[in-house]
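Mind looking over this structure? Questions follow.
Chain naming follows the written order as A, B, C and D, and within any one chain the residues start at number 1.
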Amino acid sequence: MTLTALTPRRGTPEPPASSPPPGSPAAPALADAYARVRAHTEALAAPLSAEDQVIQSMPDASPTKWHRAHTTWFFEQFVLVPHAPGYRVFDERLAFLYNSYYLAAGPRHARPRRGMITRPSNAEVADYRAHVDAAMARLLADPAALTPALAEVVTIGLNHEQQHQELILTDILHAFAENPIAPAYDPAWRWRPATPADGMVSLPEGIHTIGHRGDGFSYDNEGPAHRVLVGPVGIARGLVTNRDWLAFMADGGYAEAALWLSDGFAAVQAEGWQAPGHWREIDGQWHAVTLGGSQPVEPDAPVCHVSYYEADAFARWAGRHLPSEAEWEVAAATGELADAFGVVWQWTRSAYLPYPGYRAADGALGEYNGKFMVNQMVLRGSSLATSPGHARLTYRNFFPPSARWQFTGVRLAAFSA
Amino acid sequence: MTLTALTPRRGTPEPPASSPPPGSPAAPALADAYARVRAHTEALAAPLSAEDQVIQSMPDASPTKWHRAHTTWFFEQFVLVPHAPGYRVFDERLAFLYNSYYLAAGPRHARPRRGMITRPSNAEVADYRAHVDAAMARLLADPAALTPALAEVVTIGLNHEQQHQELILTDILHAFAENPIAPAYDPAWRWRPATPADGMVSLPEGIHTIGHRGDGFSYDNEGPAHRVLVGPVGIARGLVTNRDWLAFMADGGYAEAALWLSDGFAAVQAEGWQAPGHWREIDGQWHAVTLGGSQPVEPDAPVCHVSYYEADAFARWAGRHLPSEAEWEVAAATGELADAFGVVWQWTRSAYLPYPGYRAADGALGEYNGKFMVNQMVLRGSSLATSPGHARLTYRNFFPPSARWQFTGVRLAAFSA
Amino acid sequence: MTLTALTPRRGTPEPPASSPPPGSPAAPALADAYARVRAHTEALAAPLSAEDQVIQSMPDASPTKWHRAHTTWFFEQFVLVPHAPGYRVFDERLAFLYNSYYLAAGPRHARPRRGMITRPSNAEVADYRAHVDAAMARLLADPAALTPALAEVVTIGLNHEQQHQELILTDILHAFAENPIAPAYDPAWRWRPATPADGMVSLPEGIHTIGHRGDGFSYDNEGPAHRVLVGPVGIARGLVTNRDWLAFMADGGYAEAALWLSDGFAAVQAEGWQAPGHWREIDGQWHAVTLGGSQPVEPDAPVCHVSYYEADAFARWAGRHLPSEAEWEVAAATGELADAFGVVWQWTRSAYLPYPGYRAADGALGEYNGKFMVNQMVLRGSSLATSPGHARLTYRNFFPPSARWQFTGVRLAAFSA
Amino acid sequence: MTLTALTPRRGTPEPPASSPPPGSPAAPALADAYARVRAHTEALAAPLSAEDQVIQSMPDASPTKWHRAHTTWFFEQFVLVPHAPGYRVFDERLAFLYNSYYLAAGPRHARPRRGMITRPSNAEVADYRAHVDAAMARLLADPAALTPALAEVVTIGLNHEQQHQELILTDILHAFAENPIAPAYDPAWRWRPATPADGMVSLPEGIHTIGHRGDGFSYDNEGPAHRVLVGPVGIARGLVTNRDWLAFMADGGYAEAALWLSDGFAAVQAEGWQAPGHWREIDGQWHAVTLGGSQPVEPDAPVCHVSYYEADAFARWAGRHLPSEAEWEVAAATGELADAFGVVWQWTRSAYLPYPGYRAADGALGEYNGKFMVNQMVLRGSSLATSPGHARLTYRNFFPPSARWQFTGVRLAAFSA
């Protein structure tokens, strides 16, 4: 992988399909996907020192080393221990350290204290990864062992690791943005302009089916597919840019209570927000701490690192709304949205709730998504930090309305368009 | 008003229509409605001493005296000052003390400190009410003065006061439930059994219009009316009872993490929840602090004072779901739901969000509902504490998912019913 | 009692001796003292409504009603129940509500929730007091019953009640100072100027005995009397005035970190202190909320409602120090200090620690003082709110260094005087 | 330096004098002292990986890397920049990152976020140290440059660095003790038994001079030397051991409220203390996380990692007291105390307050000690982690009464001995 892969991709109307998704359960393909996904994690961590990889800059973020170990533990815990005869656990203590929220998988190390684990060292975690990778390679090479159920767990593990790949980038960016010297993850990295795209995609009233169908991999929260009534509504073809956002700021947007949800304005005041996340005013000019370090804000780039509260206030200021997740999905399926994928996640006005008839799977893996279905808002699309092959039209990302450390941006909607 | 009006009413499938709603803008009717609503507030406060009326038992609750003064300030601020020629403000300092969240109406006294205001005394607040009532009576008696716009503001004020009437009861019950000696608001008050009602109302898939239409009063959040696709789904005819809830408790419901949303289980642990709100275990038997004081839990009564988190966990334990607010509204319109109104508010699985195309009104009154549309869940129906004439099929009540001090209960839904 | 008794007394060099102290154990004298102290409490509460008496404005303060009931519970719990044959407890529930910190006397109602107890009502607490007073009168009238041990407990109870008398005033003043309309406890009350007194009392080096000796009542923390080496040091004859304090403020005292203890400056910033407690700037002039309501600051009055942190910073600004408690006691014994008693308590630079050889008494009454001997600073003298007969040369008052709601002021010391 | 130097030294009655103290200002001696002290810091850090050195386990602790850089910044800021002509600052950004509490030296990086600074890297900090050491060597080699004032600042800097040397050990031990796998700083490290020493040193009443006199280096808080009246009192010759502490625990010491200061028992309950800091119960036996990793508690070793609250409660349980700092100093001067130095700091019952007539120096270095003189208790002696040559009879160490992460133990006193 080259780091340029992280440069914002000119958004395409459909998820990139160049790299075969890890959802295919055929054995050789799965072994390939395993090797590819695992190598991508290591490539993402490569620019980071052991010091960089150990710290945790806030309770919602995790150390790089933790991401690398936790994703490895997933394969050990859910694949190798139950399915690989004679597998030797690398170190029993790691199960405690690198379990995350799987209550059913036993007690866990406290989440906010993940940054305290200097030992096992970064090198030991690399050994752990190698140990598990070797065992996984042996297992995946055995066609007899690879039952459909096992292939499904491996596929979940790979998608799980891809999610952590995005978090490796967002979490280290948060840590670097807190450092007064603003280190660069990749000094050559630069924002690109958003794809120019005027006007709106008009959706007349109609019944559509949303949610995941078909054979490929999806998370349980993307189903059941179900019919919804959508429209009439217009969905903007292009993303909101920094230029737009600077106009909102210049118009006093952060100070005008009437534009904000009550909880949102409370957050503005409590956190002292005056601009998107990772922005700093230096000598009268706004800079953003990016993967390339501190850089002057690029007006034509899409606004990024805004919370739902900010997205909602901006939409109100603009006389617009945010799209619902169903509206987004139907509009994106038309192929007419620019930058739908690969640039910034797009906040919707939909709360993260179960689709009608949703029920979480039993067992530890059932804890994956369902139990977070309250107090969060849905984001759609994908971001520049989303791993190749991981984006999907039906993908439901979710964060609390105050979260800003992900690559989150804004696409507007209008009911009168 | 007799206090028996507060006894849980055998729920009717439609909102009670016996008392003409305050939404009718004809002048004599409006004067009558004004007198009736204002007198009802005083009747609710009558059993409470000045000591009872001054305290605030938590930041989300308010003192009775505050409710009585704040609702009065509303008429003074939004009706008399702008519309009654020569009106003399009762006391300028009260505008500061009894404004609530209307930022546009000026600075406010800090909400969590409302219980510190021993002076003005309870008697002075009674004088304030009388002063405003006399001025209002004069104004409403003048047909020339009563423009439609003014009638609308008065109607909002009456509905606003009715909302505070319900809060007077829920807030004092919270305060009394905290007192180790558990005083009774009305010693004769008792829970009645829920209306027996088996089975479910089946809703086949179909497009329905929900939200408020027509001439009567409604809050802005009840519109715009819009079309939604509902079903297939079944909505339980009856409410969940204490007997059901005791079975959930006996089955370890409060201890089984797999039944709970993650935030919900965190609340269970942080708050030490082991039973619904206001319940106390005394010598091995569960009691509830009710408006009638501490009483043994009545198994056939509807469960009450449960949070959304608890309602959701209970539904999961029961193999069911909560209805969406659209499902609830469509089912309630069939007339087949028992206890839809007048007993306990019913949690829905819908987050409190704007209806498509919703936009808050300009000005101070526009702050009423819209700015709270995040981080809360919708409740439908009405409760035993809801004032006569205030319930409505399209009414959207909303509270954070952890709130339990309202009269909140549970009605189940099933997608396979 | 007349309220003028609360007006700052021209301080005398020795504690006022006009009213015989309650420390005399002769039976008739004790019955008289009992009646006098108990009546004084009621006189202090008389200007306060039931509403005023129920609230608690911060965790460290208590409602007037609570003070009245708690002091009554003390006599019931420690005198009547063990010593009065046939005594009928007024209400078992009150022992739970009105116990304070006596762990040995059983479980207690949570301190920060004292303001939630609207029932028992104020009138019921008056009945409680009357019930206990009648039983106490019977007991104290029986010479045979009044053993020395019992007389000692009664005497402690009376001194205990006198402490709460001072708190009744400081706590209601705190509550009133928080009310935007600043009610007056006694509208006629005014600050008087401090007694003019220049220069310092010079103490050459010498060994002195400090702490309580002799027969009269004292708290256990005033002993053992012990020898200390004091001086050379000078102790200012007069108190620091508001005029002095306004000069400190005008010189930027609250903004100059170098003047402050580190914890003190953190308190300044966290609390936003810019002036003494209960001060408000109104139209460019400083006012203080006093027992007489909001009044312009009187320059010649002693500064009051300052914390130890402020007293210490002021002393540093003035090139002075605070006296130690031993220095204060030795200087006060010379009779040359103005306003030593009856105006404001004077912060010393001594931490509140046990005297050498101190050991708390066994049993519940042993919890009285000793367990608070950490994290607090000693104040000496007495204040305008101290009850008649309660002041004493050896009296050790103590509060955390951030406390400002007592009548606390400043007397300076100099090592080069 | 060998790590065995950290093994608890058999305590000697006087501070170890083998290594010449850095307080001697002769130029060659100062250059030697500089080299020796700086090398000791690096030796202490040597067993720690870059990962170990970057984290901060609590706000009161600091990363090893920070200690190494901050002590270096001290010499750059206060010696080289003002006194070394032509000195080139290593990196301007480090002044912001590695200033600590010197308000007068400019803005600072927030203390609780010190563990977020992964860059500058550990290697860059090593370069920073080398850069400053070279410049210092040049400066100290120039007899003409080494004025007495400069020698004094250098001496302060060396003593300052020695204080941080002790913190390097206590802070990393805190971090390791939090890690579930309990890494060892030095796997060979073991506790040694306390020196057996029965009975007490009796001090009759007498006037003594305490505080620093003479020519050697001392901190400003050790003066002015002044006369105090001490005794009669007995001071235990030996330290309290783990065997003693286990008896206290077995007797229910941590559960018996009557033994504790009120704030102390609140800390016991809030923190869940059941044993000294860093102790863990494993399979029914108490272990301590030490510099040698997790080890069974050694009964004959001195108890360590106890707070003032625990020391005070233990003394009360034992029918004893803690010594005052004056008593400790007078007793230690007799040469009869075992383990006075080099094992564990010993809590005294003295609050950390200024000696009579103390006044902090002007300028940034004046912020060193004086501003912390409130809310802390004095410890005397020195610990196994105190650097060679840093201990002193008059040394006043101080920590809040709840602190347990230092090497803190207990020596008892008795007034009747």
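In the analysis below, a residue touches a chain if its C-beta (ideal position, glycine included) is under 8 Å from a C-beta of that chain, and two chains touch if they have at least 3 such contacts.
If you want to know which protein each chain is, UniProt gives these names: A, B, C, D = Hercynine oxygenase.
This is a predicted model, so every value here is computed, not measured.
Shared contact partners of subunit B (Hercynine oxygenase) and subunit C (Hercynine oxygenase) do not exist in this assembly. Chain centres here are C-alpha means, and the one lying farthest from subunit D (Hercynine oxygenase) is B.
Centroids built from CA atoms put subunit D (Hercynine oxygenase) at 59 Å from subunit B (Hercynine oxygenase). Subunit A (Hercynine oxygenase) and subunit D (Hercynine oxygenase) have CA centres that are 46 Å apart.
Centre-to-centre, using mean CA coordinates, subunit A (Hercynine oxygenase) is 38 Å away from subunit B (Hercynine oxygenase). For subunit D (Hercynine oxygenase), residues touching at least two other chains: there are none. Pairwise chain contacts present here: A-B, A-D, B-C, C-D [touch as defined]. Listed in rising order, the residues of subunit C (Hercynine oxygenase) touching subunit B (Hercynine oxygenase) in the complex are 49-55, 57, 93, 96-97, 109, 113, 115-122, 175, 178-181, 183.
Interface of subunit A (Hercynine oxygenase) with subunit B (Hercynine oxygenase) (complex): residues 101, 103-104, 205, 207, 227-229, 233, 257-258, 260-264, 308-309, 312, 321, 324, 349-351, 353-354, 356-357, 366-367, 371-375, 377, 401, 415.
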